[in-house]
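Which chain is which? They are A, B, C, D and E, in the order written, and residues in each are numbered from 1.
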Amino acid sequence: MATSKSMTLSSTTFAKLSPHPYLLANLQPADPSTTPTRTNGRQPSQTRTPYINTSSLSHAHGSAVVRNGDTTVICGVRGETILTSAIPNYRAPSPSDDSSSSLDEARDYDLLVPNIELATGCAPNFLPGVPPTTLAQTLSTRVYSLLHSSKLVDVSRLRIYPEEAGKENKEEDDEKMDEAEEIDEYAVAEDKAVKAYWVLYIDVLFISFDGNPFDTAWTAILAALRDTKLPFAYWDADREMVLCKPVFTAKEKQKKGSGSYWILVDPDRLEEGLCDETVTVVVDKLGRSTKILGISKHGGTVVGPELTKKMVATAESRWEQIHAAIE
Amino acid sequence: MPREAEPSQNEKDFILKAVREGHRLDGRALDQFRQLDLKFGDQYGIADVTLGKTRILTKVTAEVTVPYTDRPFDGIFTITTELSPMASPAFEVNRPTETEVLLSRLLEKTVRRSNALDTESLCLVAGQKCWSIRVDLHVLSHDGNLIDASCLAVVAALRHFRKPDTSMEGDTLTVYTPAEREPVPLSWLHSPFCITFSFFGTISIGEDGEEKDIWLLDTTLLEEQLRVSSCTISMNKHGEICQVAKPGGAPVEAVTVLQCSSLALQKVKDLSDFVDQKLAEDSKHRNKGGLLAELSAENAR
Amino acid sequence: MFLRVICSPQLPASSSQIGRKNLIWVESNGGRYIPAVGDLVIGTVHHSAADFFYVTLSDYTSNATLPQLAFEMASKKNRPQLHSGDLVYARVSLANRHMDPELECVSPSTGKAEGLGPLSEGMLYSISLGMARRLLMRKSAEEGKVVVLDELGSAGLAFETAVGRNGKMWVNSKDMKTVLVVGRAVTETDEKSLAVEQQKKLVRKLVKEMA
Amino acid sequence: MPLDTSTYNLALLRVDGRRWNELRQQGNTKIQCIITGPNERDASKNTSSSASTAPTAGGAGATLAVSIMIAPFATVDRKRRGRNDKRVQEMQTTIACGLAAAVQGQAYGPRSTIHIALNVLSQDGSLLAGLINAASLALVDAGVPMTDYLVACTAGSTSSYAAADEAADPLLDLNTQEEQELPFLTLATLGATDKVVAMVCESRVQLTRLEGMMATAADGCKAARDFLDGVVRDKGELMVQEGAIGRGEVVSSMDLD
Amino acid sequence: MTTTTSGPEALLSHLHSADGSATFSYAGYTIIGAVNGPIEAQRRDEIPEEAVVDVVVRPAAGVGGTRERHLEALLQSTLRQIILVTNFPRALIQITLQVTVAPENEYVNTKVVQANTNLPMLPALIQTAVLALMSAAIPLTATLTSVVIAATTEDGSNRDIINPTAREIEKSRSLHVFAFTSHGDLILTQSEGEFTMKEWEDILASAQQQCCPNTSGDVNMGDDAATGADLGTFTRSVMEAKIASDLYWK
């Protein structure tokens, strides 16, 4: 495929004509001395360095911009109060409920509402005026699940108690004032029952899209949540809660015939298009021992337990990278 | 968009000729229904209807929600009919065909607008909380007469359904889980059914050349593709018409429509009895020592 | 028609796979017709263009092409006039995963129709691919264990049939009732998978009903 | 009226694709109908647009595409209806299939489409009936050959379904208020015959009531037909005065009628 | 509903309008699958060299939302690995999976629309899809078997529950879904919750035990093993039965 003749036609043309052979040609260069490089010049296991900038939006309670290569994501978190009486399926937690009660407030009352949008034109294949792509829908489902399964946000900090209970009123800012009033109306003096909740609207917008969306989106959400200060005394509540979980995506493509394959870390759009198998690992190293919070692999049979293990290791290294970036 | 199957000219000619002489491919009489069967699920509110090779599955679900602002004292009651490629590749996901629109409209008029379900009984806290009862209808296999089969499935499922029990202490509403309290049935007012007549033109009878309309009941898909027009009459067994729809197509004598409507009453009575009997059988085998209670207890462990 | 399930020889009906080499074909009723060269099929003319008829072999699949000259004695001047909706009995002359199938209504060797060509009047029934195969066997009664047609014949019914491997059967007769009976006999045998004895019983029943 | 439509037809062929308007009024229900075509069908448009279509003469003739627009100010309570409101779609289908029974579509090629755009300006009951009458009048005016007018009318029954008194006498052509109060049906017949092309009843009513209501509606339809026919003839006269067409022809055509 | 006690059940080719169909019920789920194809793909999404595999998942209640899209994406990328897609260029193979029964949690009132992933349903969906594909005589390179396992901590001791009930899943620490090909290769993994690599490997082992005991080493497991059936053998026997009934006349 990669004969000198065909290589003489500009590599971009080659890429356009037959992207897949082009990718492979790059991964197995003609002479063995040169190390295999990807079409984007990176080593197979080399990631793009993320750049993170927080509190970039004035109106959101928390926000972050994450740039990972040409994938750029803005995440804005906005808190809104919802009164328990306004929650149709609300059910006062009865003392009888044991600790492992079936009641999961965050999920049952939708207190965390992630929404992912791939802006028109962030990549050539996103056209205006079409319903949300499968990718967008899949992403928001995965994000939603991870938000809950990882218990990233402490639900107890989203509860709002009547005046007496909440001694936080000291350092209210103006926004708090109206919140407080709103709550007073319904605050019943004696009981300490929850009167309202904060609902966190987490909006993620892809400005430009060049592969590895889940990874970048999640990083943005983390950064934004850490940055979130709700107008209440527990203003930095989220800080200690935030666990840093870099997500790591590997793609491999089985070459026709021989069973040889490559693992491409943090793939770009071209690569994602051409690879079959995807592995995503979510790790949390904040504790003394590494905790895995999610493994998701589909689309092929090459990655077995051993490879998965290797990838967890790679994920850990990536964790450091992003942790550093967020700090 | 995938092509809908078109019967060949030979089939068209033959079937029309046969029908004119009073014959159908499967040897049924012109006004005869195919084998009808109705099964209920282990969970409440699941009805599985088979009519010949047509198969419909309906599931009822209840959810507490906020009532519409313009109807604070009513609950919410919706019937969703989305035909999937399972029934035929011609049905694409979220791209309603005409068949689908007419079907959901007929169910809407027959079951919802005729107040078969008492929506006021679904109100929990006026203007704040109410039950939202939703029926999801799935066409698993489409061999004609979707309307009659679907209507029967919807009615059966709703009558089989139980919604969670609730109580009000002061201004706090408690919705009990099935484990806490046995769910309660909906307040059901009457059971309407659809009978669809398919017309196949006219034949002249007697030497005076008087024209008579030919019609079939419970048509197969092939027969439906060849009919010149159809008329769906919805009634309950008390002879109350809930809806009549003849959406255009070739004209038929007014007299014929009247004859159809009185025959429809007979058929509706049969269907009505059929569903009553099936429901009775189901509740009998359920009440063998509170089956549900046992199961829930098992789950707890 | 053969079902392509890849499975191990020692367990013919299982589908547990052991390498592409020992891939074997298991036959079954199920599935959609996939054209193969030499198959006899019954198609419905969808539309006609300059030199071709476009013929539907099964719903929702791309049409097969039938050259207007691929008929007995067909020439530029006199070629058969087929209209949308007409039935043709044809042989698959070209089947290739990359191209739409091609049909012919004449034997390229003899130049004779050999029973192929337009099917007028009568009724078209859909049958399972398995049943089509059995009816097309040289000795369908002995090998395929379908006796309904013979039985009906010996019961004194006069009719003609054509079977297409694409799961179609065409039945024609002077008497409409005969067509109905033949159709029901075959479809019921197919759907209720009747054994020889049951088939005979069914035929007796149907013939009695007819009279 | 074969001849005089044919004269329209000549005019039509000259200016194919131009619009013919007809403002039709029934009580306080005001409906405007615009016929366009017949012009070549483009499949893409038909699938995308919210119009409902029906082939005439068993697919051998032109296709009718009906689309209804209900103006937000048409009703008292200003309610905006989505273009693909199922209720509206149902009416579109009923009208399209209903007219298909009357229109002689084979006069045009099977690839042609006649677009019927109905705009509801003001709504006061008998909407479907009004729409059908408007459409068929507009079709005649557009010179589309039809076997007869497709005419429609509503009829109600004065006592509610619960009461069992057989003496309940039917009403003709209901307005919005009556429609909300009483059970009623809409009947569309082919000209003066008793042939039912379309029939829609959306309220609970005793089976015994049906006959009376249908009879009343049928009479209403006859009246509607005469009215429509009158309008067409007046239009004809007018055209004669304007000299749009030669007197001789028209007189003969009127005689033939 | 009591689930794990009753073994898997399947019914093949029972929907007449589809090219292939299967109803599969196991562990409290009942799913009806239908396969149409190979049929003509729409111009815009046809692939010149191979068949388009289109998966539609429809919940029993409510119309499909983001969670169904996610399941569809997982199934699609998995199934096109075992279907010989290159046999049918420019064609479409359409797989519709209709959930009819899903276990209900006796302790929580049902919520129709849910956004979180629905991992517990995945194995049943995969099994149904494979059976339906076979019923439609679509050529496959392998069959799949899949299982869901919940890791729970009860009074200090860790315990892996195979085919957990809705209640058990709620209390579990982590939840895992695995799918293997009939050659014993791991083709799909979905794990969520909180766990270590060690735990993951143990769970993987017991999953192998479930799905393809003949390929996996004899991992000794708790009494839970008894509750699960050997799905590989099951799929095989179902297919045998099907072929036998098709060839009843031989």
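In this text, a residue touches a chain if its C-beta (ideal position, glycine included) is under 8 Å from a C-beta of that chain, and two chains touch if they have at least 3 such contacts.
What you are looking at is a predicted structure, and each value in this text was computed from that prediction instead of being measured.
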| item | value |
| --- | --- |
| Other chains in touch with both subunit C and subunit E | B |
| Distance-maximising chain from subunit E - centres being C-alpha averages | D |
| Euclidean distance of C-alpha centroids - subunit D vs subunit E, Å | 54 |
| Separation of subunit B from subunit E, taking each centre as the mean of its C-alpha atoms, in whole Å | 31 |
| Cα-centroid distance, subunit A relative to subunit B, in whole angstrom | 45 |
| Multi-chain contact sites of subunit D, meaning residues that touch two or more partners | none |
| Sequence positions of subunit B contacting 2 or more other chains | 1-3, 63-64, 89, 175 |
| Junction residues of subunit A, two or more chains touched | 89 |
| Those chain pairs that satisfy the touch definition | A-B, A-E, B-C, B-D, B-E, C-E |
| Subunit B - residues contacting subunit E, complex | 1-3, 41-43, 46, 48, 53, 55, 57, 59, 61-64, 80, 82, 84-89, 93-94, 134, 136, 138, 140-143, 164, 175, 177-179, 295-296, 298-300 |
| Subunit A to subunit B touching residues, read off their complex | 85-86, 88-89, 91-92 |
| In the complex with subunit B, residue positions of subunit E that touch it | 1-2, 15-18, 32, 34, 36, 39-40, 42, 56, 58, 60-64, 94, 96, 98, 100-101, 104, 106-112, 165, 167 |
| Interfacial residue positions of subunit D with respect to subunit B in the complex | 47, 52, 54, 84, 86-87, 89-90, 93-101, 161, 185, 188-190, 193-211, 214-215, 218 |
| Interface residues, subunit E side, partner subunit C - complex | 13, 19-20, 36-40, 84, 87-90, 134-143, 182-183, 232, 235-236, 239-240, 242-250 |
